[in-house]
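Notes follow the structure.
Chain nomenclature is as follows: A, B, C and D, assigned in order of appearance, with residue numbering initiated at 1 for each chain independently.
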Amino acid sequence: MAALESDLRLKLTEASSRASFNVWLGLEVDEAREGEVALSLAWRAEFGQYNGYLHASIVSGLIDTSCGFAASTLSGRVLASQLSVRFLRPAVADVFVARGKVIKPGRQQIFAYGEIFARGAPERPFAVGDAVLVPIP
Amino acid sequence: MAALESDLRLKLTEASSRASFNVWLGLEVDEAREGEVALSLAWRAEFGQYNGYLHASIVSGLIDTSCGFAASTLSGRVLASQLSVRFLRPAVADVFVARGKVIKPGRQQIFAYGEIFARGAPERPFAVGDAVLVPIP
Amino acid sequence: MAALESDLRLKLTEASSRASFNVWLGLEVDEAREGEVALSLAWRAEFGQYNGYLHASIVSGLIDTSCGFAASTLSGRVLASQLSVRFLRPAVADVFVARGKVIKPGRQQIFAYGEIFARGAPERPFAVGDAVLVPIP
Amino acid sequence: MAALESDLRLKLTEASSRASFNVWLGLEVDEAREGEVALSLAWRAEFGQYNGYLHASIVSGLIDTSCGFAASTLSGRVLASQLSVRFLRPAVADVFVARGKVIKPGRQQIFAYGEIFARGAPERPFAVGDAVLVPIP
């Protein structure tokens, strides 16, 4: 099992390294097991909104990527067809964690849920959201 | 009216210049009138997904920003509380255009709609979406 | 073409007559062409919310059904996997019209858009929404 | 605390009895505490979809109502401005339970989450969703 987790993590890390935007972000895959992942992102000033909060683009992208990576632990390559994000609080942290979880796998569609919080503070998510992912044959 | 449009455009351009992520993107405000805006973004390799398409982060961010800017032409400063995006096709273009439009203004909440397409090809949107914006007192 | 429209309308009317909730509602299929339908529903007191507005269940159901019927003009039997509704105004009318339109057909997924308004007043929708539909093999 | 719960439950039951559609459904408020409710609905043939599953209208309405009731335990009268529903599985049961939970209260907006399952089987939800609720002054 430990081996499996580390295999999944390496595979996602390698996939992420081929997405140039993820490389620019400096996105890290911290945990990966079947149907669930945790990503982390260290704050940089370039990520800011008008007021210095994490930009909605990046909040949305973290939800999308955590959902997509969670789905791909079960189904290989996937594409998001639908994403929705609720912005609950201003997103301010030194390190952001995004946790993605499959809530219903399927052959045609995978439903996943994601949330973002400051490292160490999962009880106060900045944003939550969900995605529908479609496996790529 | 021409003056008003150019005032709105300058105001949004100035607001965008204070969002460091928008500066990094190189996002341009091309049109702005009451309740409606058009933004443009020239493709760079750093914006890519695994397969070279525009990353879902940036697709989502363009929908969010076009909705938010459209709302702010009517209501000043706003924050998105909810964003939803449908990814219709792989987003590949030299220049992306995002058009945002208010569909229902309100004192407590503003509903807006956005879409992204390749410049010159509005009839084939890559993604469409909507946002709920809340005015900041 | 007129024949085709009337065929589609009959087919949807017949399908609707097998959904017992639609029969209870008294839902009518007024128009149907490839990728687009219009449904109508005459108000009855049983459809009410606390305040006498059309209940969110029925608002949501009209959006869902108009999207699903629009999709089925192109793809036969479909199931909704995702529905989202924005409630713009209190829904009060003698006759409600729901218009559904496919915005992107697909083999794996169909994206559709719907809106509800009072008959004769399409410019002031009560609610708008969208659905992702999956063809049933 | 027990008194408080029973007060909240009575208040919601009384509110529900003034919504004629809820009365037609036979919707019951089984549990209510601050920020969380459980509703139940006994299946009747009139609630059916083409295939005898619970109609998407009613699935959506249960998500909406469970979110709205959960919000109103904290904020009194509320209106939904946005609802989104993911249909995970065909909804078939003798008794449906809808559980609604506030995930972020607020003065301007309340975010809530809902899910529907067969009584006794919360681990296999038929549908999950979320709503944004706005307090009515």
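In this section, contacts are C-beta pairs under 8 Å (C-beta built on N, C-alpha and C of every residue); 3 or more make two chains touch, one makes a residue touch a chain.
Here the structure is a predicted model, which means the values were calculated and not measured.
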Fill in: From subunit C, the most remote chain by mean C-alpha position
A
Worksheet, complete the sentence: The pair out of C-D and B-D sharing more C-beta contacts is C-D
Worksheet item: Whole-Å distance, subunit B centre to subunit D centre, using C-alpha means?
Response: 34
Item to complete: List the centre-to-centre spacing of subunit B and subunit C in whole Å, with centres computed as mean CA coordinates.
Response: 29
Response to the item:
So, in whole Å, the Cα centroid of subunit C is separated from that of subunit D by 22
Discussion item. Which positions in subunit C are in touch with at least two other chains?
Written reply: 81-82, 84, 86, 111, 132
Fill in: For the subunit C and subunit A complex, residues of the former touching the latter
81-82, 84, 108-109, 111, 132, 134
Item to complete: Could you pull out which subunit A residues touch subunit D in their complex?
Response: 84, 86, 88-89, 103-104, 111, 125, 128, 130, 132
Practice prompt. Would you mind writing out the residues of subunit B in touch with subunit A in their complex?
Written response: 15, 18-22, 24, 45-50, 55-58, 60-62, 64-65, 68, 79-87
